[in-house]
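Both of the next two complexes hold subunit A, though its partner changes from subunit B to subunit C.
For the complex of A and B:
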């Protein structure tokens, strides 16, 4: 019974992974990709080129920095949301559903909407202008990096909220009772009694948020289009452009292998944070 | 028991108000802009000066959204059904039997979900292109090829969701059947699958959304006839650059139409889906 699923997995995941590794060692371009087995073997040339003469190091920096900032923002937001949505109040069910909307919306919809919100003279600029701040370009130039961070954080935080809310359900009712009797302020109670229960779920949420952000191709692709502004040239977009616009499949495969290395550490952390059996 | 509060009432209210404004600001703007004039959107007005529902009529011819939605429905639907049913067998074995390599497989299932999509797309594209050249049949651009590429993510994903679901079923059920002499196959089809409908639905919905939401694979693996709604919208948006005022109303209307089935699915199955989300933290 493991066989059909197992075989299919080997076929659809294992084979492509091996082929990806092989392509990264070939000089494969638009002339040779239809007969990839005949393409010239170039050893580690693609890897050397990726590190020395391509935008890869910059892309790794942009990806890591943006994913880290997004993860950093989602922590207090998601945690505050979970605490606020846990206590009973009228309309709690509805509010909980609404809070999920940014996470539930497809990334291509989020990208399309925010692209219009952030366009020059768009609604974001008029809102910022009303606060007396300078309107400016959001989809190009140095601010585009912050636009990416803000939009990805806007759509990513509910995962942390969900995990923290699930963690709150596991808090022992006696802890609540003890907290009620104890005279300490609400913040001290939270820190001493409640937060220890949330450590696991929050660690999991942070790792997944980081992974999702690093691997997110759709949002930067739709939000900024290609060729993408240099400040938001993240790893997936760079790899995509290198293969499907410049047709440098070998170089691009080497970049993809590098991006696997970037997510390797968070993946290991992820596997440790999840209950496997 | 007295119900104790985590946050004082004013703090709770403040947090909720800020969050709701942050969420509903852009979401409400999406609705307003879809019925606004394009000039209103271009000048940064939040509320429409005139309400015009015409965009919802025009998108069906300008974006060819009908074809896109149908393609998305077909590909994502088949992938969802296939991976849900294939995964229940694998998940059953992984949950109920102890064997060497079991934990390694569970680890691999999770790790596979975090592999960068580009790392999978490249070899799949090259393999399909080579296959086409070898057998003389166009592979890239067909819905089958697209569905097959989605399995690379949907399958590990669905299997993991089913693993977390089957863990919750009491083992006494199949132990009793086994004592009565039932084969593993019979236990799976007569006991496990009938009891796993909620799990199957959740793993199917997640696999469906994976296909519905994808732009990476579909942008490369489709042609104008087999384009999914996601790619149709992305292409439509990209072609609005330059020239006169873009048709913002239609873009927003089309985006809303693409998002509506997803949001409805979530609202209907919210209880089950949230459980699935927090079990593996999958999207």
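For the complex of A and C:
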């Protein structure tokens, strides 16, 4: 019974992973491309180059920092939206659908629209100017980092909302009744009774949001283009540039292996947490 | 490992390639054969391009009996992916139309046919082409892969009304002169120059041109020369337009090429450097229609009043498309006949009339020289110079643009920070040299 799924997994995940691992040990570039896996073997040279001579360490730092901030922002926003959309009220179905819009829009569309909003003399600048603040650059320079955080958080929070909402539906109605009889206030009720139900779905939501953010290529690529401004030089874009603009496939594969390590950290933490509970 | 490699080749071959070269022998008698051609999708004239495909196909069938199957790619990345998968799997289009600056990279993959003297004869001889267009066909005459197909030289559009009002009859021939004119032409919300600082390609073309005019081709004998003072001067000039001369709209730090064209089209700029003839389509529909003209860009480098000794008066990078034949193609002779047909006078005339792109065919180019509306383009085409022919050029290009991208946040301070600029240039030099050192 497991055979078809297992075979698919080997083909779709296993083979590319092994090949990526092998390419990362080869001097595969535009000159040796035709030799493919027979390109000169260079051992760990690509890894050394990635760490020592490329922007990889900086990119890991930028990616992890921005993904962490995005995850942090989406938690209260998603949770508040879920609590608001949980209770029965007129038009709840519509509100629930509208809240999902940022999540279902293709990243390319989100990037293009926000690029227009954030460009010099754009909507964002005039809004900031009206508040009496200095209008400046959003798509390059230090503020570009915050632009990336804001836009990614804008598109990512509905996932948390969705999972929290699903969690809320699992709360036994008797729990609500018991709390009402005992005269528990809303905060106590939320903290002591509801949150325990949500811990699982929220932990999953946080891990997925972090991973999505770390792996998001389209949004930073469309928002900032290449070469990336240094403040938003994230891992996927760096890896892409090494492969498809610089043709350093070996080096780029080594970078991809490093990103695998970055995304493995929250996955392992999550799996451990799940096992513990 | 062999099994895995086989599986991958199979996957790539079947999933990513829609076309495969036919499996039959050579010879120009192409009855029953199919030739696959990959060419960039023309977003300005999509309808016309479809018709052109049909016409070319019909004509080729009449000449050789073979069918031509055209495929298009939407972006340079799309093109690259197609080349990569085809090179890897050893099957795919027989003929590719490649951008000129991509030709050195394609050459370095060794996946395309190096043209022998006999091949050139089959194409109608090297003499058939404008000499300048052959400048980026290969590292030298004996190792050429690219056959010049179309020429899209870069020129500068200028607003005739604004210039006349300021008392100028034509744009200056030096970058310093252009800056001075631009200063005089900047008033209110009209700026002297429209420059796309956030474009992924435009910036390096400026830096390359100004450096070369000052005698520095950026790469010579396998050595990168980005740390030469001429290049720093080029960056200071280019960034200074916005930071210190204030002849560019400050919002231009976020502009791509199309936005610079749009600003010029709204009459908000006097000069629009670094555009090709394709900008005409947009500008003729804009508010400056009939009020603008094209001229070649300055050829005298920053800080000079005449071309210095050793400097090259390049008007533009050698820009356009080259046709290359895949070395895995089983239809090499047929492919060469096809390339010959596309570069003959008749086809070049049709192509020019349909898409407005300049010919590479010398005979037809001569015919066009007489047209005053095309004078700037034709002149630029004949004085265009090829970018260094090295497989590392893509990396060098990116390193050159990176200096501009990382400099942009500092420009609003009203100065070009020399220390920071020199640091960025040093970094670009090291990237460029690193890439050149890896050349095989």
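Everything below uses one rule, namely that the second predicted complex is superposed on the first by the 257 of 277 C-alpha atoms of A that agree within 3 Å, B and C clash if a C-alpha of one lies under 4 Å from a C-alpha of the other, contacts with A are read in each partner's own complex, and residues count from 1 in each chain.
Operating definition for what follows: contacts are C-beta pairs under 8 Å (C-beta built on N, C-alpha and C of every residue); 3 or more make two chains touch, one makes a residue touch a chain.
Bear in mind the structure is a predicted one, so any value in this text is a computation, not a measurement.
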Inset, instruction - Sticking to the clash and touch definitions up top, decide whether subunit B and subunit C on subunit A clash or fit. - result: clash
Inset, instruction - Would you sort A:225 into first (subunit B), second (subunit C), both or neither based on which partner it touches? - result: both
Inset, instruction - Answer with first, second, both or neither: which of subunit B and subunit C does A:244 touch in the superposed model? - result: both
Legend entry - Touching partner for A:196 - first (subunit B), second (subunit C), both, neither: neither
Inset, instruction - Have a look at where A:136 lands relative to subunit B and subunit C in the superposition and call it first, second, both or neither. - result: second
Inset, instruction - Go through the superposed model and pick first if A:121 touches only subunit B, second if only subunit C, both, or neither. - result: both
Inset, instruction - Determine, under the contact definition given at the top, whether A:257 touches first (subunit B), second (subunit C), both, or neither. - result: first
Inset, instruction - Please tell me which partner, subunit B or subunit C, touches more residues of subunit A. - result: B
Inset, instruction - Answer with first, second, both or neither: which of subunit B and subunit C does A:76 touch in the superposed model? - result: neither
Inset, instruction - For A:8, select first, second, both or neither according to whether it touches subunit B, subunit C, the two together, or no partner. - result: first
Inset, instruction - Identify the partner contact of A:36: answer first if only subunit B is touched, second if only subunit C is, both if each is, neither if none is. - result: both
Legend entry - Touching both subunit B and subunit C, residues of subunit A: 15, 18-19, 33-34, 36-37, 121-122, 225, 244
Inset, instruction - Provide the residue numbers of subunit A that touch subunit B in the complex, in ascending order. - result: 1-2, 4-6, 8-9, 12-13, 15-20, 23, 28, 33-37, 77, 80-81, 83-89, 95, 97-109, 112-117, 121-127, 154, 159, 162-163, 166, 168, 173, 176-177, 179-180, 186, 190, 194, 201, 204-205, 208, 211-212, 214-215, 217-218, 221-222, 225, 235-236, 239-240, 243-244, 249, 252-253, 255-257, 259-260, 263, 266-267, 270-271, 274, 276-277
Legend entry - Partner subunit C, residues of subunit A touching it in the complex: 11, 15, 18-19, 22, 29-34, 36-37, 53, 119-122, 136-137, 139-142, 225-230, 241, 244-247
Inset, instruction - Quick one: which bits of subunit C touch subunit A in the complex? Just the residue numbers, please. - result: 1, 4-5, 7-8, 77, 80-81, 84, 87-88, 105, 108-111, 198, 200, 250-254, 391, 394-395, 398, 401-402, 405-406, 408-409, 412, 434-435, 438-440
Inset, instruction - Could you please specify the touching residues of subunit B with respect to subunit A in the complex? - result: 1-8, 11-12, 15-16, 19-20, 22-24, 26-27, 29-30, 33, 41-46, 86-87, 89-90, 92-94, 102-103, 106-107, 110-112, 114-127, 129-130, 132-133, 148-149, 151-152, 155-156, 159, 184-185, 188, 209, 212-216, 219-220, 230, 233-234, 237-238, 241, 248, 251-252, 255-256, 258-259, 262-263, 266-267, 270, 274, 277-278, 280-281, 283
